[in-house]
Amino acid sequence: MPRMSQATASIRKPHGATMSVVGPDHPAADAGKTLEVRDLNHTYNVNGKTTQALKDIAFNVSAGRFLSIVGPSGCGKSSLLMMLAGLLTPSDGTIAVGGRPLTKPDPTRVGVVFQDASLFPWLTARRNVEFPLFLRGVDKAVRREKAEEALALVGLERFADSLPHELSGGMKQRVSIARGLVQDPPILLMDEPFAALDEQTRITMGDELLRIWEKARKTIVFVTHGLSEAIYLSDEVLVLSGRPGRILDRVVIDLPRPRSLEMMAQPRFAELREAIWHMIKA
Amino acid sequence: MPRMSQATASIRKPHGATMSVVGPDHPAADAGKTLEVRDLNHTYNVNGKTTQALKDIAFNVSAGRFLSIVGPSGCGKSSLLMMLAGLLTPSDGTIAVGGRPLTKPDPTRVGVVFQDASLFPWLTARRNVEFPLFLRGVDKAVRREKAEEALALVGLERFADSLPHELSGGMKQRVSIARGLVQDPPILLMDEPFAALDEQTRITMGDELLRIWEKARKTIVFVTHGLSEAIYLSDEVLVLSGRPGRILDRVVIDLPRPRSLEMMAQPRFAELREAIWHMIKA
Amino acid sequence: MATRDAVLGYGAAGAVFLALWEAAPRLGWIDGRLLPPFSDVVAALGAMAATATFWQQVQLTLLETLTAFVIALPVGALLGVLVQESRFASLVFKPLIFFVFSIPKSIFLPIFILILGIAFWQKVAFGIFSTVFIVMMTTFSAVESVREDQLRVARSLDASTMQKILFVYLPSMTPVLLEAVRVAMIFNFTGILLAEMYASREGIGNAIGVWGLGFQIKELLAMVLFVSVLAIGFNEAIRYVEAKCEHWRN
Amino acid sequence: ADTIRIGLSTKAWFPSFVAEITQQQGIFKKHDINAELTVYQSGSEALTAIAAGAADLMSSNPSIVGEGREAGVNVKMVAMLATRNFGWQIMVPPKSGIKAVADLAKHKVGITSAGSNTDLLASWVKKKYGIDFVAIPVGGAGLVPNLISGNLDAVIIYPPLSYQVALDGNGRVLTDFSDEMPPHLEAGWAADDEYAAKHKDALKRALTALFEGVAYIKGNPDAVIPQLAKYDGVSAEVAKQEYANTFGHLSDDGAMTKELVQETLNLYANGKKELDASTLFDSSFTPVAIAR
Amino acid sequence: MTHLPRGREASAGMSLEAKARICRYVIIAAIIAAWEIVPRLGLVPRLFLPSLSSTLTVLVAQSGDFAVQMLVTLQEVGMALVFACGFGILFGLWVGSTLTVRKALLPVVSALFAVPLVVLYPLFTAWFGIGSASKVVFASVYGLLPTVLGTAAGAQTIDRQLTQAARSMGATRLQQILWVTLPASVPTVLASFRLGGALVIVGVVVAEMMMSSAGIGFLLSKYRTQLNSPGVFAAIILILALAIGFDLAVQAIERRWTGSRNKAAGRPADAP
């Protein structure tokens, strides 16, 4: 049994039941930005060998919330994100975005930043970032401008014309983030986007992300291994158990916004971190 | 100018000069395990566009030391490691391993764990790990046993027969680590091996790595973005500046061994971390 | 690698080859009746090139070849992608396509005459028929070389089938596809030649067939030489395109 | 003008030249005929074209017609051009030890393809001389190269290539089939039954034109020989030989008899089938009356 | 990386393979039926398409003759296959995976292929003789070049990281080709093998058709000249059988491979 974290304001229910937390500061205004996951189970079946990846997953995210997902390696975080993106059909259960079920990818509703950067090797950084806009038929000048903007945001103006193989691991990941941001979807899913970044860049990028999120009132689902990062960025943290991934807890981060680095030194921050840490270790 | 870290016992010399620290607890016994880098410079030249990646890099690593390299994204850490592995020819400067110059890959001297897992997608986890031994013509039974051992070490016994695409990002990275370990080279180069792992796994893996290192008296060069991780694991931390990467400092970690998680709470740990952090931020 | 070096290298290799061709029959290493010296062949080519018929024949055959090619290549590639991309279609059609491919195409020439007579379009149709299958088969393998994670990105962006083909498959498959273009051109051209040799009033194939039957070796070789130069030119053009599109690799 | 599509069984066979000259001299046009000449790889391809409806008239002989009828292609001989295989020869390398036809026993003899005219001739030779040899199909284009390279001991070869080979010193004539074989319907024109029935008049005029062409050839050696040389891609000397040997002996009116047809069948039947000679030709178009 | 499920069709009742097989059989049955009915109705002249039954009658009646010739063809195909595919694939991998070699040799190889070989075959035989050797050489060359070009192109598309990883483990050039480049380009290699094999079959048959006194191609060309179309189609059936046999062999290799890796490096099977 996972431990109950007294440090949080989360509401725990038995597996499979829905846990919904509507944040006090973000009224559930924009319906297109909500996410509902019900009774989700997923089992991979390869040549008769089955691997249960996710078990009894159910949660809601209200519009404009920043939700992080943490959990041990291989617990099913990426699988969950792929399902939220409509790229993987769950064995069981449903997913609804803005009240409507999601069965196939729909970039007007959900955008994804993948765990591996997955850039097109034949396109320059700029064109990789432009690609989603290009597919939508956005005007050349407009998409160029937006791409430049996004690249500047991730600090890669100078490398706009470099091909992926000329970039370092962290730079590729940043291009991939820029590609996700430029799509400007109401809901943004990000799979360990900062994993290949150094701490300094990671903090800058996190702050940028928060700025964009606050300005555009997006809903963000953010997978990370950094507990501090999760706490620093999020309204809530969804903690998954080891394989098969079950929801151990959903921790509401009751730190005030805007967040600042100094908060990390606050006892409440340490408390939250400690609580989540214990949950995962158990 | 980078700040001088008073907190460390490092000896800083002007750029280009060699900095050598022979650790007190590891006598420079095994000559095959030393690394010497002299006057290294590297500039990428793609279609006439040049990117200087590394500038005036010079350092020694004595046998049996654990050296970490930290630095901002794109500063040339991976490039440096590729050169140490003999996979990339520096524009300028020399590299010697165990006193002998290194110009091409030599797995009997140096083993590598790549930043992207670079697994062979058509081989199961087990066979991926066996692969380097297979190349050397190691007996089937022996290599099987060694691979099992290495996989157990990274906690993937259950997934020995899975193919890479059936593994999560962190699991792939662990297979890649196992593949590096199984080669049992005197010098092991690791490029952000724990980046895709959750904190818990990361700590376990770090402890395992230290155990192996101590037992086999390897020399390890370890690229990471986690400053705490670098300090926790290393004898010394090489701090690189942003592009072009220059050596800002070489910080000797004077924490006693064996290390334990509790040490992270010690003031000396925080001091070291703070010092490096400031260097990078500058 | 400097292009100048390459040009010099090929120039040298070509010169050696031609010198050998010239010397071997003259020095009696090879029976000159079976392989006339290069200069004789060139002279024959020169004589031929002075006639209007030659250029008419060349023009006709090239027109047939190009028409067939322009149709066969996109059709074959598109069919190839569509079949390969649908698991069902590939299970059903791939074996059948392979079997048709393994039958010597010239067997079917009478059928083409039956349906299309012996004019321009019969040659073109046979050219297409000789080419489409190899383009499809090459496309199958090209499609398989496309990486899953790249496709997943496109899928997450809800790219249409056409967009995926154009912007993900195509760039990723370019080297294999360009190879298909190369090989297709050869098959296409051979197909047209065979059709012309089999039955026609004009065209290079017709001429080659007649020269063969009449043991007019010089003329035969001259035409083969001419055709080969054309083909090599085409080949080089493809390589140029390849160099243009493939700079992102490595 | 009525259109007639004429299939020519290889360019090298002399009827092709007859058709070509008739066309060149505007004789078809004179008879209000629009002739489309197409060269086929061999007689069977031309026959295939008739079956496919791509040709109406072809250069042929009764043995091809017989095989065609067996295969369901309704063609008949409608006119005769020659009674002998002028210039069809067996050749050996100049220095060959083979001196007589009988010496061919157990040797390798090149023919164009299995089932072709040269194959039939090979069988006939075997039967007549009671010898056995291997007939190896090497294609028309393979005969001379393989004779020169020594892969073959002898070849059965057609005019004017045979004359050219002798002239170049690449081969020595062992025998000429025009001497070996009795007169028979060796070459002529065969028409598609349906065409012959529906366009009787046009066919008649086309044949008239073709035989006026023959008359022109016969009457104008000086003008025709250079043209022949050019058409065949041979030297004037070879053209002269071919002209003398072949074109000098062509039929003037195309008339044929059942006996000649029967003789062809006897020679080429290969002991295989009993065909009724009278079903293979239609003598209602001959003799062709031409204006001189 | 999370992998996607096989096509959506896969989930429905009968397995996709089974459905496809049925569909294929239906198509084949339709072809067979058409082959019998269309000539019988006189829609196509018998010369072009004899009915299936008459073709099979000839096939059975002359089975002895066909068997003897088939054996000849089989031998020639076998020898040419070893050369064209075995050598062709290794050479292609080498050429494709080495930048300098690729730049130096590929143009030459593709230029060679640009020469219309069929036209030169009669001359070809003058050098290589008129026996099996010339057929084997012709078919080898015919099948070799596309195999080399295809494999080289495939080798070019593989992920450079993989060869680099192998290099770091001290793989020799040959080891890299055998254990990295080859498996990484398996789809292309198998396709090239298929292609090369099919071309070898075509090459042998065409060469036999052009000149030879034995083999299926010889029979085919003989029956063609004799206007014996049932014979021609009987020979085509045998050539098809040859192709099917070859295809089964390739499939066996393919299954062994995909069985062990389940198309790992490759791709999802679902439609775009």
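In this document, chain identifiers A, B, C, D and E correspond to the written order of the chains, with residue numbering beginning at 1 in each.
Assume a residue touches a chain if its C-beta (ideal position, glycine included) is under 8 Å from a C-beta of that chain, and two chains touch if they have at least 3 such contacts.
Keep in mind that this is a model prediction, so the values were computed, not measured.
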item	value
Neighbouring chains common to chain A and chain E, by label	B, C
Shortest chain-hopping distance from chain B out to chain C	2
Farthest-lying chain, centroid of Cα atoms versus that of chain A	D
Chain pair, most C-beta pairs within the contact cut-off	C-E
Intercentroid distance (Cα basis), chain E paired with chain C, Å	18
Centre-of-Cα separation between chain D and chain C, whole angstrom	36
Centroid spacing, where centroids are CA-atom means, of chain B and chain D in whole angstrom	85
Separation of chain B from chain E, taking each centre as the mean of its C-alpha atoms, in whole Å	48
Multi-partner residues of chain B (each touching 2 or more other chains)	116, 163, 165-166, 168-169
In chain E, residues with contacts to at least two other chains	1-4, 45, 47-48, 122-123, 126-127, 160, 262
Residue list for chain C, restricted to those that touch at least two other chains	34, 110, 114, 148-149, 152, 154-155, 159, 172, 212, 217, 249-250
Complex contacts: residues of chain E adjacent to chain B	1-3, 161-162, 164-171, 175, 179-180, 183-184, 186, 257, 260-262, 264-265
In the complex, chain C residues that touch chain E	1, 6, 9-10, 13, 34-35, 85-88, 91-92, 95-96, 98-99, 101-107, 110-111, 114, 134, 137-138, 140-149, 151-152, 154-155, 159, 161, 164-165, 172-173, 175-176, 178-179, 182-183, 186, 189-190, 193-194, 208, 212, 217, 220, 224, 227-228, 231-232, 234-236, 239, 246, 249-250
Chain A to chain C touching residues, read off their complex	85-87, 104-107, 111-112, 114, 116, 118, 120-123, 131-132, 134-135, 163, 165, 183
Parts of chain A lying in touch with chain B, wherever the complex brings them together	44, 46, 49, 51, 70-79, 115-116, 161-163, 166-171, 174, 192, 195-202, 225-227, 277, 280-281
Interfacial residue positions of chain D with respect to chain E in the complex	42, 44, 47-48, 51-52, 67-68, 70-73, 108, 113-116, 119, 134-139, 141-142, 145-146, 148-149, 151-152
